[in-house]
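Structures for review follow.
In the two complexes below, subunit A is the common chain; its partner is subunit B in one and subunit C in the other.
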Partner chain A sequence: MRDSFYEEIADLHKARENKIKNAFLSFLCGGVLGLLGEGIVEILVSFFSLSREDGLVWMLILFIFLASFLTSLGIFDRMVTIFRCGLLIPITGFAHSMTSCCLDTKTEGLIYGMGSNAFKLAGTVLFYGVSSAFLLGAVRYLIEVIA
Partner chain B sequence: MTIHYQNVYLQDTACVCGPYEKKGPLGKYFDKTYSDFYCGESSFEKAEVKMVKDSIQCLLKKSSLAKEDIDLVVGGDLLNQITATTYGSYGVGQGFVGIYGACSSSVLGLILGSTFIENGFASNVIGVVSSHNLTSEKQFRYPIEYGAPRPNSATFTATGAASCLLTSQKSSIRMECATIGRSIDYGQNDSNDMGRVMAPAAIDTLTRHFQETGRGVEDYDWILTGDLGVYGKEIVKEYLLKKYSIDLEKKYDDCGVLLYDLEKQKEVKAGGSGPACSPLVVYSYFVSQLRKKKIKRILFLATGALFSPLFLYQKENILSICHAVSLEVVD
Partner chain C sequence: MISQIVLDHSKLSPGHITSILVVLGAFMDLFHWYDTLIKVVGAGASLPICSFGHSLIHATLKSAQANGFLGLFTGMFDLTSGGIVATILFSFLFSLLFHARD
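Right after this comes the complex of A and B.
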């Protein structure tokens, strides 16, 4: 049962988080990633004569590959501890979650390990991502039909 | 509930640990250390089993006993179905009792083993516990390689295995008495702030121990809690002082704080945790101090959080428990 006197004392000895610093680093990292992505697309469009759509896809593939590769080297999780959501919210976070789940369960084999656990974390993102895209798409369609 | 023992002795202890504990301030007191998390095995779970085996082997060597001379092995860990101690202690002793007290398993094992010896059912009992930072991350939190940010209140599961031999034969350290803890619910549910969750259990067991034995802080040279970390430790000190007027003075510390160098090893955040955390500190440094007679009597309170991720997702509170034993030097 909750004891208000205990809560009072426990609150005095609560760990402090440097939220401003964390938010600033995440913001900076997210921005740099965006800048990098845009730069890569520009390079692909200018030097490899790709269309803008194709350039975007290649940039995403590159980011997914880099995040997975750095995760497998054990570098990415250290970067996440510093830059937090700046790396977890972009597509790098999605790739990171899948690679880490696979690495984590590789000792249990291809079927019971990697196969059934790859989407352990990413599954939530996919499920709600696809569901909300469907719902919002339906709403947009309805609005267009009515208007 | 406090039990007094007349003829239970702590013969030997053996501690095996991983890389972070090795780099900590108590590194030189451990019997065997590993520089990586695999310990030469193919998975982290197998590495934990290996550490349990090493620890028991080291203990048997120290006490010049054979596997068959052991009457009972009492052990536990954090893995599902307490598999690390089950597999690790395979082939040792005439009987095995698997226990689960989360991070309080070490003292729970000591209490059970001592009770068997006191009643004459066994003469040599091994108490063993283990934990592995990465297997428990996998078990309780996120995948190992997933860099989920941890708040500053989080503790770091210790990697290691610690075992001790309890006997009916006289030795220099005696198991003097024990207080069995009860589950405590203070409405806490933050699994990233275990100090706050478990401090009430430590306070409850300590105050009941003092009431039931009529003792106070002055009767002990050291009072050690298991794995409350820096924040939990301060909560215990202040709550005891303000509510019960018990001043722990400078005789109190927390094993989770002692196991690592919190200034240099920033990644451990608030300190160590896990079933192996407190015995790694008590069985190595404090037992050697008792043996050298530099200290006379210590109270060892191992704290544990009794919960599972499943119950947490179902919005249940985290229960906590704390068991205490008093170890004293035999004159």
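Right after this comes the complex of A and C.
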């Protein structure tokens, strides 16, 4: 079968996704997450007398905990199919990708399964984050030294 | 809120998008734009993954100012280590406790 013909047929049978609805849902979800995070930070700051930076870190840890927990219960995957990037772009997506990799490869053993596959998806974030931060940081540092 | 960036998801895989956003976050902090963003919208800006790139470069610059060029290497994870350690710890614990669903 010719490739173009095949692609035509494949396009016909591809599930049509309502892009506007998806975008709206992910926007809503991201907004709600941000709102929740802000609320948690406010509560932490006012009730536990933490500094704002500490409150932010605690809030992040709380969200990571929740995301890992829901992932291991299988709830998070169902939520992701609904909300898409609204859940994947915040730090919850980072925790989710790592926990799901760990769970998937658990059967292959603790060392070569979980240990070596944990950063399969989350590794891209760390890799490009660190390399870009280093390069840009070096540029900025050199600018400051020269100036 | 700031998660509006999330709107333009269409063709790329989530892996691509997250990588791009991290680099974008690091780039935005090159001139401290992201700091003002965080001041204005609070947790809405520090929750997405771009703030990961932001805090990476923030810590790097801070320690570079304190320790010179070596600080670029040593101070990278000063601010983000909380998130990374929590992620590793929880994913390890929960994957020990639970089994994969289907």
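The rule we apply is simple: the second predicted complex is superposed on the first by the 130 of 147 C-alpha atoms of A that agree within 3 Å, B and C clash if a C-alpha of one lies under 4 Å from a C-alpha of the other, contacts with A are read in each partner's own complex, and residues count from 1 in each chain.
Quick note on the criterion: a residue touches a chain if its C-beta (ideal position, glycine included) is under 8 Å from a C-beta of that chain, and two chains touch if they have at least 3 such contacts.
Keep in mind the model is a prediction, meaning the values are calculated, not measured.
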Which of subunit B and subunit C A:Ile111 touches, first, second, both or neither: neither
A:Leu103 touches, of subunit B and subunit C: first, second, both or neither? both
First (subunit B), second (subunit C), both or neither touched by A:Phe5: first
Contacts of A:Thr71 with subunit B and subunit C, given as first, second, both or neither: both
A:Gly86 touches, of subunit B and subunit C: first, second, both or neither? second
First, second, both or neither for A:Ala147, with subunit B first and subunit C second: neither
Broader residue contact with subunit A after superposition on the shared chain, subunit B or subunit C: C
Contact residues common to both interfaces of subunit A (with subunit B and with subunit C): 22, 71-72, 74, 77, 84, 99, 101, 103-104, 107, 121
In the complex, subunit A residues that touch subunit B: 1-3, 5-6, 9-10, 12-17, 22, 71-72, 74, 76-81, 84, 87, 96-97, 99-101, 103-105, 107, 120-121
Subunit C-facing residues of subunit A, complex: 19, 22-23, 26-27, 29-31, 33-35, 37-38, 40-41, 56-57, 59-61, 63-65, 68-69, 71-74, 77, 84-86, 88-91, 93-95, 98-99, 101-104, 106-107, 114, 118, 121-122, 124-130, 132-134, 136-141, 144
Residues on subunit B engaged by subunit A in the complex (per definition of touch): 42-45, 138, 142-153, 185-187, 193, 196, 199-200, 231, 234-235, 238-239, 242-243, 269-270
Residues of subunit C that touch subunit A when the two form their complex: 1-10, 14-15, 17-19, 21-23, 26-27, 30, 41-49, 52-53, 56-57, 60-61, 64-65, 69, 72, 76, 82-84, 86-88, 90-95, 97-101
